[in-house]
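A, B, C and D are the chain letters, set down in written order, and residue numbers restart from 1 in every chain.
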Amino acid sequence: MSRYQSTELTIWSRLFLLATFFAVLLPLSAHSTERANYKNWDEVIAAAKGGTVNWFMWGGADNINQYVSEYIGGALKQRYDITLKRIGINDTAEAVNAVLGEKQAGVNDDGSVDLIWINGGNFRTMKQGNLLFCGYHDLLPNNQLVNWQDQSIANDFGLAVDECEVPWNRAQFAFAYDSARTKNPPESIPALIEWAQKNPGEFTYPAATDFNGSVFIRHVFYHAAGGPSSLLGDFDQQKFDAIAPKAWAILNDMKPYLWREGKTYPNSIANLAQLFANREVALYFDYDPAIFGINVENGIFPETTRSFVLEDGTIGNTNYVAIPYNSPNKAAAMVTANFLLSFDAQFEKAKTNVWGAAPAIDIDRLTEDQRNLFAKLPRHPSVIAPSVLSAKALPELHPDWISAIEKGWQYNVAK
Amino acid sequence: MLERWKIVLLLSPALVIIAGLFLGGLILGLIGSLGYMPLLGREEFNLNAYRNILASERFYLSFLLTFYIAFTSTVIASLLAIGAALILRRSFIGRSVINFLFQINLTVPHLVGAVGILYLFSQSGFFARLAYEFEIITKPSEFPALIYDPLAIGIILQYVWKEVPFIGLILLANMQTIGRDYEAAARVLGASRWQCFRHVLLPLLFPGLLAAAMIVFAFTFGAYEIPALLGQNYPSALPVLAYQAFTDVDLNARPEALAMGMIIALLSVIMIFGYAHLARRYVRS
Amino acid sequence: MTNVSIENLVKLYPGRSVPAVKDVSLLIETGSLTALLGPSACGKSTILKMIAGLLAPTSGDIRFGDHSILRLPPEKRDAVMVFQDHLLFPYMTVAENIGFGLKMRRRPKAEISHAVGTMLELVKLDGMATRKPNQLSGGQQQRIALARALILRPKILLLDEPFSSLDANLRLEMQQLLKSLHQEMGMTMLFVTHDQEEAVALSSKIALILDGTLRQYADAATLYGQPEDLDVAKFFGAKNFIPGISSSGHFECALGRLTLPVTANSNGSMLTFRPENVVIGVTDSAENSFHATIESKKFLGNQTQLRLSKGGTTFDASLPPLIAAPLLEGSTVSVHLPRQSLWALP
Amino acid sequence: MRILPAVMCDLEKELEVKRQRIESGEGLSWLTWFSLILLISWLILPLIPLAVWSISRSWFFPDITPSAYSLRAWSYVFSNTSEVLPALGVTTLIAFCATIVSAVIGVPAGRALGLYQFRGKAAIELLILAPTIVPGIAVALGLHVVFLNIGLAGSYLGVLIVHLIPTLPYMVLVMAGVFANYNPNTEAQARSLGASAIQTFYYVTLPAILPGLLIGSLFTFLVSWSQYILTLLIGGGRVVTLPLLLFNFASAGRNDITGAISMIYILPGVVLLLLGARHLTGRNSAAESLRQI
């Protein structure tokens, strides 16, 4: 008994000592976004050897989990002696919050997060909070495969990447429907409004708190604004006030015809997927069309699932990985980011039986053999062709716009 | 004197842990909720967090919803548990099997139960499918909304499912201790079966029932995962709201999260004292 | 008022081969204070519970007057039971406990409180009305249990070893109280005890139950002096058992041909007499007198016990110590067994 | 003559209790049976779709049974990627350690509360009761920063320590109940017969408290085993236990994998219950110990 008692006491005395220490030792200076200390890639690889990378990412898709853990993790181990630990989370904000919390607690060089699958508002929070490790792109050999001239890559939701994150995947919003059930899906916002009225209860969208719900609302907003062009750039309250009431009116008019008469909205895109799978609603959409094929393969969606994009275009974005400022394994994280950009990793990811996701690298910068391989990749019948998608791509908005739209929706539509 | 030291020695490890972790956590939470975050350069105490949440409609709705869920679940579970215990204390063929089945979900984590309830009661769940099979409904939306619904029926169903055996077992044990003698005495003194239950068994069970109900109420008031999984999106249960605020990327939301935690704790503390007060009024053998 | 009669009562618990109560018949007269006496686990409490309606008999009948009460639930029987461990409801005050039965009968509050006041006086607990049972002593608790039952003035009051958990002095006090209450209220009472002294001290009639069977139902003197069989005799502390044969008012045995009282069993095979009735050293009577040797002598405080032997048969006698003092072990004394002290068992 | 009947009386009472139990077992009415069966089915029912989902490939509305079966969910669950088996190990290890630590700390505390009367006892009981009432989330939010600061956040040790908040009180309260019915004189007797302190504990105290200790341990284990929010908050996603994985897949709508993980998740509890069923339903039942709470 006494032995345990003393252990407990040690833990506790330590805890309280540190608590006191923490209370007395006041604000530590905010950490700078330091530049990499490595002169060249070889140094990075050498430093990365034997390291471990804690990669925080959404963990709800077994195929993505498998790709990351088995393919990426296996290759990193084999080629660079790096151990990849995939840490499944429900929401990227949890990882951002973990870094924030560590900063708040003064954990500045021994953080728990080495890599985050990130973009948009979360990236903005981290960048503006000086929570990121930046300025290492020139060290990454595969950085040359990225077309930084492409504004949808150089800007993450309207915010300059500034070498603070590395692209690894691209996604574009698309709709799905069951061709056996729904003959003529509505291919524009006005058509959708009309369709919803004719088919009450058959359509809904997740609440604005969901990433995908939010992007659907933005499509309505684009429609109300007559296209995204006037919305690009920094947030403009006057413009917002001019457009928003139209958007809310459209959504509120639609409300009585929605699933459950719009009295509630699905909490997450997964709930919408469930509703679609069980024929509670007739339309589904996702920011990542690859998910349609994956769900068909997993038996979640019927095999007659087909996809389409809105005539006026749909919003596309790039997914990145970012390294927190307090990562203790920055070199290994950089090697991982570099490997994610490699042809091997991007090609594997593009396979329909793996993920079917669009590459983040510029195919034109690859060798001819590699280009051919990409060209020959089969397409899943349920997933819309990448060429159709890219032809209809619309840009994302600045996160300030997004948060204003999300808040406005909560206040004007949800209640 | 020797004995006093012995008691101190026996108790101190547990007290160090509970006082340190539990009280420590509460005090730190209180400090944080007052906006004191020295590492972020905030060294002043203020009531902004409380002011903010008390000014938001969302918080009140969440609070009411959470209270309603906890109260309804506790009352329904208690009533069912009393009925179950009254049956299970009798002896009958197959009682041990039934007893085992009755206890089985004590070991099943809440989360698993929540998923099971989801699969049973959602608008495309098992019961909706049965209703379709019997041509009661023609499409899922005609099935009553029991999950993600404003009345939180799914959440309440899950809690009732999980807590009936818990309260039931506590009551059974109490009944075992009480025995049937008091009831026999009441019967011969002229109490009918119902009077006997109402005036004798129920008051005797009351302290145990109260304790069990209080544990259940507090648990359901503070649980996160069930409303997170089965609840509608607005308003959400208080712990969900607190967790969302805590993991908000805006650090300003943290004091608010901690303040909500404090409000949850405060309600629990009120309940403890209420319990202690009520329990003192009843004789505990 | 009506007699309570028990007819051919049998109770066989499920899963048992031997009945706990075997064919017991008993007539309890109105206003009597009757004891059910017997060692523990012999079915006495079972009989009580069957009368109270807490257990259903396997067969037989229980009647109040001419009416069988078997079909009535306990609360309708008007047979109230006081339990060994008093079973006061711990969450109620003394007054609430006593008034419980009346409350169950939905009597007006004023009537209840008046009746409770009267009962409290009767059991000498006035001023305790608002206490909780756990604030009272064991004797007080038992008195409340008694009051709680008496207030209902039942047709029959059943007492299940009511005083066995009290210490000796308190028990005497309670016996006294019960007896006076019985006299004052004239209520029919049936109480279970394993203590023959208590049965003798309290009751007008005693029913001796051994192994679930009613062995003898009589007043105390009869049970002491004229037991029906060996078991009854042994239960009442008879010591001396001398085998022999009775014939025409006499008993032939190793002690000689002894004259029996006229009431005695004519076909007895076992003679019994109580040690305290043996007369030593007085030889003026020729009848039932003989000489015996003192084998051993034991001082027991309030008496001295002698073990006597005649012709290889031993028997006990007890004498006041002062009288026994001059008698020496091994000496021969003359013994007289008064006729009325003898009893022949079958 | 005086002592014997008293003993006999107890025996008789004991017999009487048994008899009454049998006595009242004259069967239940059909209505009672019906409600009982209804209740039990309701308690078992939610587990069934989980089992079916775990082997289904597609199961759309309005099909009562899946249209296609597959063991894919199970093969994913048993694959290295899913980390379900390591999570099972971690969950078990944490629950096991929490139980051991709770027992080692809780037994002495329970002894003090069960055997002795002392000033401030009521306050101490209230303090120990408090964590079973005050939700863990309120406490863990406050602890988070300190745990981060001293490196306990995201570590197994940190998660183990926060699990003690809900587990330890249960153990202490159950053991207080056990010791309330325990006669310490047997220990004095053993010592006077020449047993050392350790021997006394092993041969006298332990056997006497073992049934209660096992029940307390069972509950402690299950409380830690079911813990979600404390693990999530303090583990920060790096301490991966089964409920975290389950929540991931449940909220992602992967019913098949959720079903398979659920099956793995409930198995140990049911096994423990089976092993402990004797104690749970017996005289010194779990419920009996729970009564102390």
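Miscellaneous remarks
Just so it is clear, a contact is a pair of C-beta atoms (placed from the backbone, for glycine too) under 8 Å apart; a residue touches a chain by one contact, two chains touch by 3 or more.
None of these values were measured; they are calculated from a predicted model.
Using mean Cα coordinates as chain centres, the one most removed from subunit A is C. Two chain pairs, B-D and A-B, are compared here, and B-D has more C-beta pairs in contact (counted per touch definition above). Averaging C-alpha coordinates per chain places the centre of subunit B 16 Å away from that of subunit D. Look at where the CA atoms of subunit A average out and do the same for subunit B: the two points lie 36 Å apart. For the pair subunit A and subunit C, the distance between mean C-alpha positions equals 90 Å.
Here the CA centre of subunit A is 39 Å from the CA centre of subunit D. Residue positions 22, 25, 61, 104-105, 108, 144-146, 161, 247, 251 of subunit D each touch two or more of the other chains. In subunit B, the residues that reach two or more other chains under the touch definition are 13, 17, 24, 28, 124, 140, 246. Multi-chain contact residues of subunit A, defined as those touching 2 or more other chains: 1, 4-5, 8, 15, 19, 22, 94, 104-106, 271, 274, 277-280.
For subunit C in complex with subunit B, the residues that touch the partner chain are 49, 52-54, 73-75, 77, 79-81, 83, 85, 87, 89-92, 100-101, 103-105, 132-134, 148-149, 152, 158. Remark: subunit B residues 12-13, 16-17, 20, 24, 28, 37-41, 43, 122-124, 139-141, 145, 148-150, 231-234, 246-251, 254 touch subunit A in the complex. Remark: subunit A residues 1, 4-5, 8, 11, 14-15, 18-19, 22, 54, 56, 59-62, 65-66, 69-70, 85, 87-90, 94-95, 98, 101-102, 104-107, 110, 112, 268, 270-271, 273-274, 277-280, 298-300, 302 touch subunit D in the complex. Residues 3-4, 6-7, 9-11, 13-15, 17-19, 21-32, 80, 83-84, 87-88, 90-93, 96, 98-120, 124-126, 128-130, 132-133, 140, 161, 164-165, 169-170, 172-174, 176-177, 179-180, 208, 211-212, 214-215, 218-219, 221-225, 228-229, 239, 242-243, 246, 257-258, 261-262, 264-265, 268-269, 271-272, 276 of subunit B are the ones touching subunit D in the complex. Taken in their complex, subunit D has these residues touching subunit B: 17, 20-22, 24-25, 27-28, 32, 35-36, 39-40, 42-50, 53, 61-64, 104-106, 108-109, 111-113, 116, 118, 124, 126-146, 161-162, 164-165, 168-169, 172, 222, 225-226, 228-229, 233, 243, 246-247, 250-251, 255, 258-259, 262, 265-266, 269-270, 272-274, 277, 280-281, 285-291, 293.
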